[in-house]
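Next come two complexes built around chain A: one with chain B, the other with chain C.
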Partner chain A sequence: MSDLNTRMIEKYRNDFLKEVEANVEEGEWVKMCMQCGVCSGSCPLGKHWAHPPQEIFMMIRAGKREEVLTSDSMWMCTSCYNCIVRCPRELPITHIMHGLATYSKKLGLVPKGQPTATFAEIFWNNMMKKGRVNELKLGLSLYFKDGFGQGIKNAMANQKLGMSMMKAKRMSPAEFFGGHGIKDVGGLQKMIKKAQELEEARMKKFD
Partner chain B sequence: MAKYTYSYYPGCSSQKGASSSNLMKSVQTMCEELDVELKEIPDWNCCSASIGYASGSELPRITLSARNIALSEEHNPGETIVATCAACWLATREAAERLSHDPQLKAEADQALAEAGLKLKNETPIKHMAEVLVEDIGFENIQAGVKKPLEGIKIAGYVGCQTNRPFGIHGESFENPVYLDKMIEAVGAESVPTYEKKVQCCGGALAFSEPEKSQEMIKGIIEAAYDNGADMIATPCPLCQANVEIYQDQINERYNTKFNMPVVYYSQLISVAYGRSAEDAALDGQIIPAKQLEEIAKK
Partner chain C sequence: MTEVVATNQTILVVGGGISGMTAALEAAEAGAQVVLVEKRPYLGGRTSQLYKYFPKLCHPTCGLEINQRRAKMNPNLTILTSAEVTGLEGEPGNYTATVKITPTYVNDNCTACGECAKAVEAEFDDEYNYGLSKRKGAYLPHVMAHPMKYVLDPRIIGTDDAQKAKDACKYDAIDLDMEEREINFPVGAVVWATGWQPYDAAKIQPYGYDRFENVISSVEFERMADPKGPTGGKIVRPSDGKEAKNVAFIQCAGSRDRNHLWHCSRICCMASLKQTHYVVDAYGDDAQVSIYYIDIRAIDRFEDFYARVKAMDNVKFIKSKVASITLNKENGNPVLNGVDTEGYHRYANEHDLVVLAIGMQPSVGMDEFPVEVSLNREGFIEPSEENGGVFPAGCAADALDVNRAVQSATGAALKAIQVVNRVAGAEG
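== the complex of A and B ==
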């Protein structure tokens, strides 16, 4: 168990709702849910959620901390925003689901090998290197996330697709060496480091 | 001087050799025809799209977009920011909104921006290119410039998610927006008002991490276009375009279907209807060729 997770358990004891309100993006909205279930019925990947949003909201209020934070559910969010525009109470549900996923990641509670969590990290690291996404390297890192052997298999399976993308000039082998980026990478990285520090400090402030 | 000028945020996938470089090319052609000048935001960065949140978390993610707005305010003062990518537009607008509603967040973002020597006023309106077409230029003006109407082509307007939600185009419904159909009609093609998958999710970034689940949804999007007798699908979103076009082979293998449905951008329709070449309209960027558009472009 991560240090931060232990600290948070001690800090909030049995008040998981309070923990979510203080630490999860848009978490202060959770208590406004009236359990109508429109969000769950509107989610395009709804059938794949072990606990759809409506259930997650009730579980937070019921203090089911571990079940919520170790759940695979929030990672099913495709960011389609259907739930947000349909919620009769206008809760920012998409953001709360993103926030829960992010918080779970900060605490080290994401189920091992969760593919979208893995992809999200690959994406962020790829983008932070030069300030812009390198699509070729992004694709390759995703193929090779489960090791070299599986990577070759994945690359072979998608070979035809890759060739057609290159033919259409929508994928460039040149991206492997250098590729697109911004000029002020240093400034961007310093800026993000500062933002991360400030956010971390805010989390600690509630001690 | 062009009739309309904007501060342009093209986004990562629109760069040369990237997956929606065909969007960028056709947007440039379209803008030449409509007398729109796009001044690129110098040194713009990635918005972290709809998948960056898990490692980015709130403040770093919002600061990324704040940097772009600050750069635009510094170098293209007074100009509205225009994005062609749904995720770029959404992230930038969301950041601007969050920062104007939350003084603490704004104070923290300012501190972070100072590390890169930037200052944010956060007074810049942020538009999607579709809003420029609908609100600033207007359907009548688009129609007035058509030289080669796209007659005889039936096009399913696929709006997708993030161009439509949570912000969308002013005055349009989230469940059944009609501006894309109107745009299709404006260039002389036949729209498909009964296309029931026009705001269905394609899986977005999860097309990479959860291909099976996403391709099941993409299958429905293509199937509904066939069921409605469409010849092709048109969309404003780069990720919708890619997801719905490029996995058709894999879907055919998985579901034993015979899909071969071209998926194009609204900007390609306008470019061809305004008499530009297949190359200018970036029709060579199709994985599934849009032959009817190629033929009209050749005439």
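== the complex of A and C ==
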């Protein structure tokens, strides 16, 4: 086989649909899409997607592995569930989008600096520390995610909101020192680790 | 009032639309005794409400006339209109049917002169035109009604209008004392041809059928195109009566959608292609038609019909299920929003009028059948041993066009004849 052929095969992996079906949550639904486009038209953030859901499904079936997994489209999903409700074939589109995002994260293909992905990571790490989300620290991490200077600016801009939340006891400054958590954090962490191992073992190798 | 003479060799046909009429006539002409029961005060059903048929674009009135003449000529056929089957008990070759007959307050003396309608003042939504126009409380259901008799709306009974109608009648045809009655008679086999109804368009919430005046259903559009219809055949916008030259059709409105009807209603693609002709015939080069579709299913041998419409310069096909309709408040135009599948372009297209190619659902609800029959998920009757001597015909059996409904009805008539022939054979 010529080099060009090999390169093209690499570019358009025909087994990408199978890979999605095996490794992406609800991926087995992708083949059910009939390309009516009602999901894309119903998405409130639709115009910000490089590839709307219907196109993503078609790209998966066309084997455009790289383009799909490195795309930031599925990270645009805000879980409003409009697409799921409207889909004439009841595809769990929201879940598939999250599944694709998770899978792309596992493979390390997330576009650099994608804000939703960054937020998800901050949220996860925050929650894993104590078994509860520390909202004060979550907020601060978000403010400072683009550097110290920008962080100060963000904090100043939202100063009033922060003060009101503290007054209303929606946020406590004491959370800065340690913060509340669950009884057995170590147990939780072990449990999650085990679950991740199981998931890892179940994942089929395609690359 | 017609008296029913029936035996267990009689075939009961439930529903007097194109399928029921066909089954009844085929069976009667083959020599069987037939009782045809129709809920409306006239025969013809939804076919009588069509302006033109596809693919020949000829008028259903033609076929209706032939069938009505066949019905009048045939001594084996008894027709009960304004009548409903409320019960059916027994087994193949030996059923007892219960039929409720609703009074029309008009007897056979009626000459359809129309004096009663002139005398009556009360007006009601005209069912024949899907409520797009009004009719009097005394009315002829439509120009080719069979039986050709006026009907009094029960809502005027007890009012002055009823007396006015009676006084205006020169033929003593109005009988205000007519009462609902129930009759029982034996039958050997049943052809069930209760037909279809349009899916409730208001249930497709994002299309705003109940919010936007210029979003109508395909059955309403059909009446609008008919010169005998509510607008005298003019294709206009319900909101302001302006000519609707830029018309959009939305396919699969309710069909092929697990939130609404699971099945493909089969007729809607051809119906929209047919209705495209109405717009182009009315406005020529000024017409602009856009058809939004998932895929065009020009069933049967009709691909050439689709090809001809596709070749028209002023007809656009947009491969997309429209996501939502909004309103341009300034001009009352519906705006169609979505993303197309050929290039994934986001669009927001304005049109004068939007026609929802509405899906077909069985007229009789799943739990409304007076007799045990095998129903599929969509509520159509499945061919099954369980049905005994009840044979579905036409749209009670599946979503069908007129052509296929007639074929289905002939088949059902044959099956019913076999049952009554067995009875005849056994009884010698």
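A few remarks follow.
By our rule, the second predicted complex is superposed on the first by the 189 of 207 C-alpha atoms of A that agree within 3 Å, B and C clash if a C-alpha of one lies under 4 Å from a C-alpha of the other, contacts with A are read in each partner's own complex, and residues count from 1 in each chain.
Basically, contacts are C-beta pairs under 8 Å (C-beta built on N, C-alpha and C of every residue); 3 or more make two chains touch, one makes a residue touch a chain.
Just so we're clear, the structure is a prediction, and the values are computed from it rather than from any experiment.
Of the two partner chains placed by superposition, only chain B is touched by A:Leu161; chain C is not. Note on chain A: of its two partners chain C and chain B, the one contacting more of its residues is B. Of the two partner chains placed by superposition, only chain B is touched by A:Gly187; chain C is not. In the overlay built on the shared chain, the residue A:Met127 is in contact with chain B alone; chain C does not reach it. In the superposition on chain A, A:Phe144 makes contact with neither chain B nor chain C. When both complexes are overlaid on chain A, the residue A:Ala101 reaches chain B alone and has no touch with chain C.
Counting contacts as defined above, chain A residues 85-86 meet chain B in one complex and chain C in the other. Interface residues of chain A facing chain B in the complex, by the touch rule stated above, are 25, 44-45, 48, 76, 78-82, 84-86, 94, 98-99, 101-102, 105-106, 115-121, 123-125, 127, 131-133, 135, 139, 142, 160-161, 164-165, 168-172, 174-175, 180, 182-184, 187-188, 190-196, 198-199, 202. In the complex of the two chains, the chain B residues touching chain A come out as 12-13, 15-22, 43-46, 48-60, 63-64, 67, 108-109, 111-113, 115-118, 161-162, 165-166, 168, 174, 200-201, 203-206, 208-210, 213-214, 217, 242, 246-247, 249-250, 284-287. Note for the complex: chain C touches chain A at residues 206, 252, 256-259, 294, 319-324, 337-341, 344, 346.
Of all the residues in chain A, the ones that touch chain C in their complex are 34-38, 40-42, 46-47, 51-52, 54-55, 85-86, 88-90.
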